[in-house]
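Two complexes, one shared chain (chain A), two partners (chain B, chain C).
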Partner chain A sequence: MKTRSIPYFYVSPAFLILGLVVILPFLYNLVLSFSNMNLTHFRDWDFVGFKQYGKVFSEQIFYIVLLKTFIWTAVNVVFHVGFGVMLALILNTNIRFKNFWRIILILPWAVPQMITALTWRGMFNYQYGAVNLIIKKIDGFLQGIFGIFSTADVGNIIEPVAWLSGEATAFIACIITNVWLGFPFMMIVALGALQSIPKSLYEATSIDGASKFQQFRHITIPFLKPVMMPAIVLGVIWTFNNLNVMWLVSNGGNPSDKTHILVSFVYKAVFNHYRYGYAAALSLVIFLILLAIGWTMLKKTNAAKGVAE
Partner chain B sequence: MTKNNSSKLNVRSSIFEILKYAILLIFSAFAVYPILRVLTISLRPSGNLHSTSLAIIPDGATLQNFINLFTQQLFLRWLGNSLLVTITVTILGVALASTAGYAFSRYKFKGKEFGMLSLIATQMFPVTMLLLPLFLILVKLHIYDTFLGLIIAYSATALPFCIWQMKGFYDTIPVSLEEAAKIDGCNEMTAFTRVTLPLAAPALVITALFTFMSAWSEYLVAAVLISDRSKYTIPLGLKSFQSNFDTEWGLYAAGSLVVMIPVIILFVVLSRWLVSGLTLGSVKG
Partner chain C sequence: MQPAGREVLQSALDEFMTENPEIICEQLYFETEELRSNFQISVLGGSGPDLVYGPADQVGPFVTMELIHPLDSFYNDDFLAVFVEASKVRYNGNLYLLGDRVGNHLTLVYNRDILENPPQNTDELLAMSNQYSVDLDGDGMIDQFTLVFNYIEPFFAIPFLGGFGGWVMNDENQPILNTPEMTNGMAFLAKLKTENVIPRECDYDIANSLFKEGKAAMIINGSWSWGGYLDAEMNIGLAKIPKVSQTGKWPTPMVSALGYSININSTEKRLENSIKLLEFLLQSEIQLRFTEKLNTIPSHKTALKNPQFQTGMLKASADQMSVGKPMPVVPEMRAIWDAMRPHYQAVLNGSLTPKEATEKMQTDAEKKITEMYE
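Moving on to the complex of A and B:
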């Protein structure tokens, strides 16, 4: 075999499958987005030009859900990276039972996402859910402490929350669930970066009189950054499109379709409302938004530098 | 440094120590608690499902839910279906990603950059963009409700990340090793299969793990492509315990535990490879 054809030989099986399941549906989706296909026009659909796109942008709900998607993504990624890096920094110091802690802390990553989502949904149940039971326990404890100083009845200090029936609380419940399952990934990535820092760098600089803070700023962060950046870009992309948690914790957008991000909203449009043409257009819009965000981040952070090399 | 100063430093560093362990303890509790909760619910006797107790081992703990799961439900069937789909996808994913990743790492060829960037772009597709057309195609071709559709869909969604991941790891293996092997009589192919591929074992293991996990626990694609109850995969079966009017929490929890434990064990055993095997493609210190 000629050397020049070898890479194509290696690449083609993977791209054949990708072409079949990614490119082909993508093109079909593009066609659909210009059509009026829905349940009543399933076989006799027509091309309607940009009408579906017009519908997407003229409805107010799109902008509301878009805003929620941004909040969802930003909050999740900030917590994932914040918790992940903090725990990695701790795990990288001299601590007892290092492996034990590390294994315990990656457990949420090992639990299948749909089980995570359904389990947390159960835990957010108003009456029997663990979250409210714990809130009641803490409340009882606080009242007990208060009782030491005063005999007056203070009532509940913190109240159980009707998590899944309020618009804001259901959204927060989804975020808590997603923070739980996402921080171990960032922790492991950060830990990998921290372990690649040569110990001699710290030794040499501390002989030169550098403080811990200076070392952190001038050694730790520069090593952490190039590794975390691609992980953050990936995290943003994955979180933006994370259907599982949103859909399963809120049971399809409950209460009354208020708990949605774009991807769960469009999933509902397809498989509950059968608005195929509209959903195809919206899917493409979502993709383009994320492409714009992802592209900007990749450019800004140079995270794709190694890709093209 | 004066004596006073150093004792101040000691106090500060011991506060730091305590803080470190406190944070670890809080996060560990946060991480483990939901899993323990599933265990608790799975052990509850049937009359006690709506309990407000927080005890980890419930009063009157029983294995009845597990017995019901394996005797009265199609659970073993679902387990078989899931294993069939997941193992096929894992083998396919690792085989295709290990070769494609190698080409992206070692060769310069036309369309390389476009190929790598389009892999990233596929990660940005909202799932409906592929699922809706795929669903319509399968319905119109009357091959709805088969594992084949599921296997192809899962392989394709797992592949881009796997290829990226393998490419990143190959990048860290010195090319000189292959060159040396070629001098010793290897050709292009055998230099890859005998030298580089074995060295990439950590990345292969991690890629396999990710592919396995993504296919093993996938629900929303399966919910669209499979409707026959006897063809359910495990996630569909678990969800069906919840969608009845009265959620069968006991069965759900027992089923979740059976599904979750092997994955957790696998993950923990392989976790020492995670730090070295997960290179995130473009990362080069």
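Moving on to the complex of A and C:
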């Protein structure tokens, strides 16, 4: 009995902190989701049952923002994993200056998210942003080439984009920023997995006449999968809940409050509109969506299974 | 509060602590939005700073949420009489904020190296685009603009909307955003963009950078920004935002006080100390120290008698303030800002007509106000 109680004693501080910073706020949020807490009922709120949940599901905006959140998450994670694995494969070869490339590629992850997001916001400015300046340079180059074959004025071949003024382009700008921020994590995870694959497997299969593609399909992917799957689950949860990038690049949902994912929408409901009860209900809905996604992914992919199981 | 202002405040706090060694004061800075949310949460949790400093429009939400003390019973009439009326922010008949400065309003700032005389009316302003919105490097895009301002935030549109005779709410605190005057104001703002008077995209930082880099002849900005322009050794002048030619009215920037309120959780000895500190911070001499650093207009009548307010930039600022209108402090204002912002932006990026936008603003504002109170 005494031996059994020692581990509990050791982990009790962690459980205590977890209880205070996660479980207690979660329960408080749950309580608030059944309340009418808002500007006028801030200190004297009452229970109103499922009214706030009813409001969440009856408003069209919820479904629009939910769809955007799914698109945001899917596109980001696909690019994070795609670029991450591709770069890891390159870094796992005998390229020159490997350490230099590794440091350069980790940099987007090392810079604080807030700084990166604001920098990208500046880069997307129509007039002075680096993105449009590059587009203008490319346009000038293309005009030069086409001009050789034509005597008439070629005109602009590609136009600068008003990234932050349009609903779709602002959303794309946020995605580009988050792809930039997210691929190094996947790259590092994939690189770790690649380095753990025994070289002898490649040597043996190449003696047996396997092509590079066959080696990739039958050795690399199976070894990458158990490591990448938990990282992808994490990536989905982080991206789904990534307030910073969406909020900072779109400057709080601009243009026209159209650039939102669920978390930024909740943030606005609480801190701009003082709708505490409504936002608590919506955040519980977000939690349940994420729980369902995470649970399904873990079950389907066996991502939480131990190596020895 | 700007960094320079925080330095002045810290020196005042140090003095106060020297005079009152039993009291320890700590200054904590947050941006306006962060301050509001953090203050709400900390007061709800039974704590929070004893004094909270910010713009007058935070009074409405703070009072509705029961976060601050009414100040009437803490200060007698003789004490309050030395401050200008605009600095005493009341809500539902009670005093909740005592301002150490008034104004916080937008003014036209122009770069004297580019522009000799600022426009007197909006027709002149529009005509200036031919001369001052120009492509300097010949790449087909305009590099220097006639005017810049943050047109993400409707706060910066208010002067022109007011100049067309529009306003955000009536005396019953209900939104009046879909009036013909507001629509005309919106149409004018859209015209500023189509006529290339202002850039295609412009938030606060970009407007400020363009002006500081000499790529904009004029900027509409508040008193908090002038110190930065002077520090950058810019040759600037201040003028009233040009009169609206169509109506003959002056644009009406929102005018408000910036000042202190006392946390509802501040009681007994802490409350006593807070009242004492607030009295200390509102002294004429301390207000003038802020003026020296930030070109602010003090709320203390004695400070206002200082000769520096009769000439130069401070006089121009006071002139602009004289045609401004008080910023509503009721919580409904937040809903109105949020309702205006997206549709105002939509007008400027061409996806809504001014008429459609003002109709949507009104509908959204009514909906948001209902949501706030339900």
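Everything that follows uses one rule, which is that the second predicted complex is superposed on the first by the 304 of 309 C-alpha atoms of A that agree within 3 Å, B and C clash if a C-alpha of one lies under 4 Å from a C-alpha of the other, contacts with A are read in each partner's own complex, and residues count from 1 in each chain.
Keep in mind that, in the parts below, a residue touches a chain if its C-beta (ideal position, glycine included) is under 8 Å from a C-beta of that chain, and two chains touch if they have at least 3 such contacts.
Just so it is clear, the model here is predicted, and its values are computed rather than measured.
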item	value
Combined model on chain A: chain C and chain B, fit or clash	clash
Partner chain in contact with A:F271 - chain B first, chain C second, else both or neither	both
Contact breadth on chain A, by residue count: chain C or chain B	B
First (chain B), second (chain C), both or neither touched by A:V263	first
Partner chain in contact with A:Q127 - chain B first, chain C second, else both or neither	both
First, second, both or neither for A:T116, with chain B first and chain C second	first
Touched partner set for A:L39, first chain B, second chain C, both or neither	second
Partner chain(s) touched by A:N254 [first = chain B, second = chain C, both, neither]	second
Contacts of A:A162 with chain B and chain C, given as first, second, both or neither	second
Clashing chain B stretch [against chain C; choices 23-31, 131-139 or 149-157]	131-139
On chain A, the residue positions that both chain B and chain C contact, one per complex	122, 127-128, 270-271
Residues of chain B touching chain A in the complex	20-21, 23-24, 27-28, 30-35, 37-38, 41, 50-52, 54, 92, 95-97, 99-100, 102-104, 106-107, 109, 112-113, 115-117, 120-134, 136-137, 152-153, 155-157, 159-160, 163, 168, 171, 188, 213, 216-220, 224, 235, 238-239, 242, 247, 249, 252, 256, 259-260, 263-264, 266-268, 271, 274-276, 278-285
Chain C-facing residues of chain A, complex	36, 38-40, 42-43, 122, 125-128, 136, 160, 162, 164-166, 251, 253-258, 270-275, 278
Touching residues (chain side chain C, partner chain A) in the complex	33, 36-37, 40, 44, 61, 64-67, 139, 141-142, 152, 199-201, 203, 205-206, 331, 334-335, 338, 341-343, 345-346, 349, 351, 368, 371-374
Touching residues on chain A, where the partner in the complex is chain B	1, 3-4, 6-8, 10-11, 13-15, 17-18, 20-22, 24-26, 28-29, 32, 83, 86-87, 90, 93, 95, 101-116, 118-120, 122-123, 127-128, 130, 133-134, 137, 180, 184, 188-189, 191-193, 195-196, 223, 226-227, 230-231, 234, 237-238, 240-241, 243-244, 247-248, 262-263, 266-267, 270-271, 276, 279-280, 283-284, 286-287, 290-291, 294, 298, 303-308
